[in-house]
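In the two complexes below, subunit A is the common chain; its partner is subunit B in one and subunit C in the other.
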Partner chain A sequence: MDKLRASVLMRHEVGLHARPSVKLTKLAKNFESRIDLGLSPDGPWIDAKSIVKVMATRAPKDSTIYFRAEGADARAALDALVTLVDEDFQDGR
Partner chain B sequence: MSENVGIVIVSHSADVARGTALMVEQMVGREVPLGWCGGDPDGGLGTSVEAIMKAIDQAWSERGVAILVDLGGAETNSEMAIEMLPESRRGRVVVCNAPVVEGAVMAATEAASGATLEAVRRTAEELTPV
Partner chain C sequence: MDDRTLRAAGRIEGRPAAPGLALGPFVRLAPVRPLARESRSVAEEHQALADALAASQADLALLAGDVADAEAEAILSFQIALLEDDNLAAPALARIAGGEAAHLAWHAAMDGEIASYEEAEDSYFRARASDLRDLRDRVLRHLAGEAEQRVPAGAVVAADDMPPSTFLATDWRDGGLVLRRGSPSSHVAILARSRGVPMIVGVDIDRLEAGAQAMLDGDSGILIVDPDSALRADYARRRAEQAELRKALASFTGPASTARGEPVRVMINVTGLAELGGLDPAETDGIGLMRTEFLFQGRDHLPTEEEQYQIYRRMLQWAAGRPVTIRTLDAGGDKPIAGLTPEGDLNPFLGVRGVRLSLRHRDVFGAQLRALARAAVAGNLKVMIPMVTVPEELDQCRALLGEAIDDLRRAGQDAQMPPLGMMVEVPAAALTIEDFNADFFSIGSNDLIQYVSAASRDEPQLAELARPSRAVFQLIGHVVKHAGQSGREASLCGDLAGDPNQVAALLDRGLRVLSVAPGALRPVKAAISRYSGPAA
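Let's look at the complex of A and B:
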């Protein structure tokens, strides 16, 4: 199965720090698909369901986050993750 | 009864334990059963087996409980508390080899997804250099 891809500009004030990382990981874990996250279109890729790895990316404000997903619910997973980042992690301070 | 693994925070300081529990609640949410304890009864620094057992009880989940500890006595007292649990529970409680604050947040994030006790422990311990 081909991997689906999506990307989104992260404008969150502090970047992918603790709280946003927890939210992103928790959301990713709701899906069956394998989901990778990268800071460039060519990777390197990390497992978006690994809180330790997501938090370690330390992606700053105005980074573009790239996702790729593979599995039955890959499209829904990408849509949900892009929305989360696009909506500033919903409350993220 | 929660379907998620519970998290217990054991620190020598009541303030550290309470503050860490607050971080878990605010960053991860309340879907993970949580217990914490710290300090001795006189308000000084310390840990006690009895308080740890109470915290395990508070965070109890049939899926198990992961304990995060800070230093020395917090670990040995936690191991003692596990040994004093009823046999039916003893095998479902583990002490994680991880920093207490970071480990608690990481472990709770993993637990919130319904992960197994072993997966929760592994996530917390990913933080510890081998």
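Let's look at the complex of A and C:
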């Protein structure tokens, strides 16, 4: 099966930091699909369900986050993750 | 304190840090001694680490279930998420497979991870290293079989030191805190007084014997492990007396005045909105000191301008027209902020702290000044600068505040210049107070005392020196006199003001505005009502 892809601009003030990372990985884990996250369209890719790896990207404010997903619910997973990042992790700060 | 108490076998003395009586299960939080355990087979070491990780996860889940504040919850949920991630332990498990002992493998693996955070360019990421250290130590404690860090509700807890986040995450009920380090002015002691948790410091906790129960007297600084039935009866009697005293003080809720009818304003020192919850604003003459550094600590990221503005605005709303004095960030000294205050500072109390730090971090300071300038529109706000030593520092702050207001107005936002005053806590400033262009003065007695006496408030052996001396009272008198002559307000917001036994001496020096911990409002007002001076 082909990998689905999506990207979104992250405007969160402090970047992909502890609180956003907790939210992002928790959400990703709700899906069966394998989900990767990267800071460029060509990777390197890391497991979006691992907070250790997500925090290690040190993604700052105004980074574009790239996702790719593979699995039965890949489309739903990408939609949910893009919405989370686009809505500033629903905490407005 | 009667003979029985003095003779009690498990009795130990420390310095009072927060008043009150506690009786509860005695819990000793052990320091980490990971080397105490022996290494076994690879399979056993693997299992030991897995068990310690599971136990740590259970600890944190229990803690997270109990906390009420969002900040504490955020810290804990980050640590829980890390533990849930197999990638965290993977390097340690690989080391164990290679023959290393579980505790050494975990320590080394986590230190690598911690180092990568400490090296981050972004201060927000650097500050997370403390979370990983917390987590490392929690798991090490479990590995060493010293897992007592889960602070049970209502316990009398003994420890070397306690981070404020742990204090905030603990349900104290009738419990109390005993520390080897720290001081009555430390961060955690301020929180303890504010929340009514009895606390003593400077206790050689190694001498404490493990026991089932402990009784803590935060007024006289005494801890008794396993009190006998007579002592327990004594405790019950004194609790009843204190309840009686509270009833007697219940009438001191309105404006304070001396026996001669002279009004004295009594305001409160607070650290955030949480402390205002159960308090009727009519009991105070305003907020004399809001310590903003607590907004910056133990959290994911530094508070944004908008977050600060919302908090300041809500404090002004609570005060309903009464003055609210907000002190700009007073980090450094005994109040480090990860990622902001210098680390490894040899002498932090004489280092880059207070306004010295703010003027070197213009981005952080600017956000706070903008939030304050916006909040000034919403109520009776006053802004106070800590650790001012020379007039130029205050002048710079005034200029920066002016620039912030210009910027905001250009962007179409409401902002105005609040009265700008200074903390008087550096002897140089107190001695030359007439040189400062301040709209008001607030004497910070805690730091003033330690700087005047050259005696650290964290050194238990120098407790006698670090007391309010005649030299300190002379400086207070000098500042109050100058304020009176120049038509400006002088107040005192240190612990000195909250001690009913010192109230007469302060009123003698001409002070008529005091700012105290919320718990001290009524006792201080009662002391004011007994004052018939000024002494001739």
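We take it that the second predicted complex is superposed on the first by the 92 of 93 C-alpha atoms of A that agree within 3 Å, B and C clash if a C-alpha of one lies under 4 Å from a C-alpha of the other, contacts with A are read in each partner's own complex, and residues count from 1 in each chain.
Just so it is clear, a contact is a pair of C-beta atoms (placed from the backbone, for glycine too) under 8 Å apart; a residue touches a chain by one contact, two chains touch by 3 or more.
Please read all numbers here as calculations on a predicted model, not as lab measurements.
**Student:** Which partner does A:34 reach: the first (subunit B), the second (subunit C), both, or neither?
**Tutor:** A:34: touches no partner chain.
**Student:** May I ask you to decide whether A:15 touches subunit B, subunit C, both, or neither, giving the answer as first, second, both or neither?
**Tutor:** second
**Student:** Kindly classify A:58 by the partners it touches after superposition: subunit B alone (first), subunit C alone (second), both, or neither?
**Tutor:** second
**Student:** If you tally the residues of subunit A touched by each partner, is the higher count for subunit B or for subunit C?
**Tutor:** Result: the larger residue contact count on subunit A belongs to C.
**Student:** Using the superposition described at the top, list the residues of subunit A that contact subunit B and also contact subunit C.
**Tutor:** In subunit A, residues 18-19, 22, 25-26, 50-52, 55 are touched by subunit B and also by subunit C.
**Student:** Subunit C touches which residues of subunit A in the complex?
**Tutor:** Result: residues 13-15, 17-19, 21-22, 25-26, 47, 50-53, 55-56, 58, 60, 93 of subunit A touch subunit C.
**Student:** In their shared complex, at which residues does subunit A touch subunit B?
**Tutor:** 18-19, 22, 25-26, 29-30, 49-52, 55
**Student:** Any idea which subunit B residues touch subunit A in the complex?
**Tutor:** 27-28, 105-106, 109-110, 112-113, 123, 126-127
**Student:** Report the residues of subunit C in contact with subunit A in the complex, numbered from low to high.
**Tutor:** For subunit C paired with subunit A, touching residues are 74, 77-78, 81-82, 84-88, 113, 116, 120-122, 124-125, 128, 131, 300-301, 304, 306-307.
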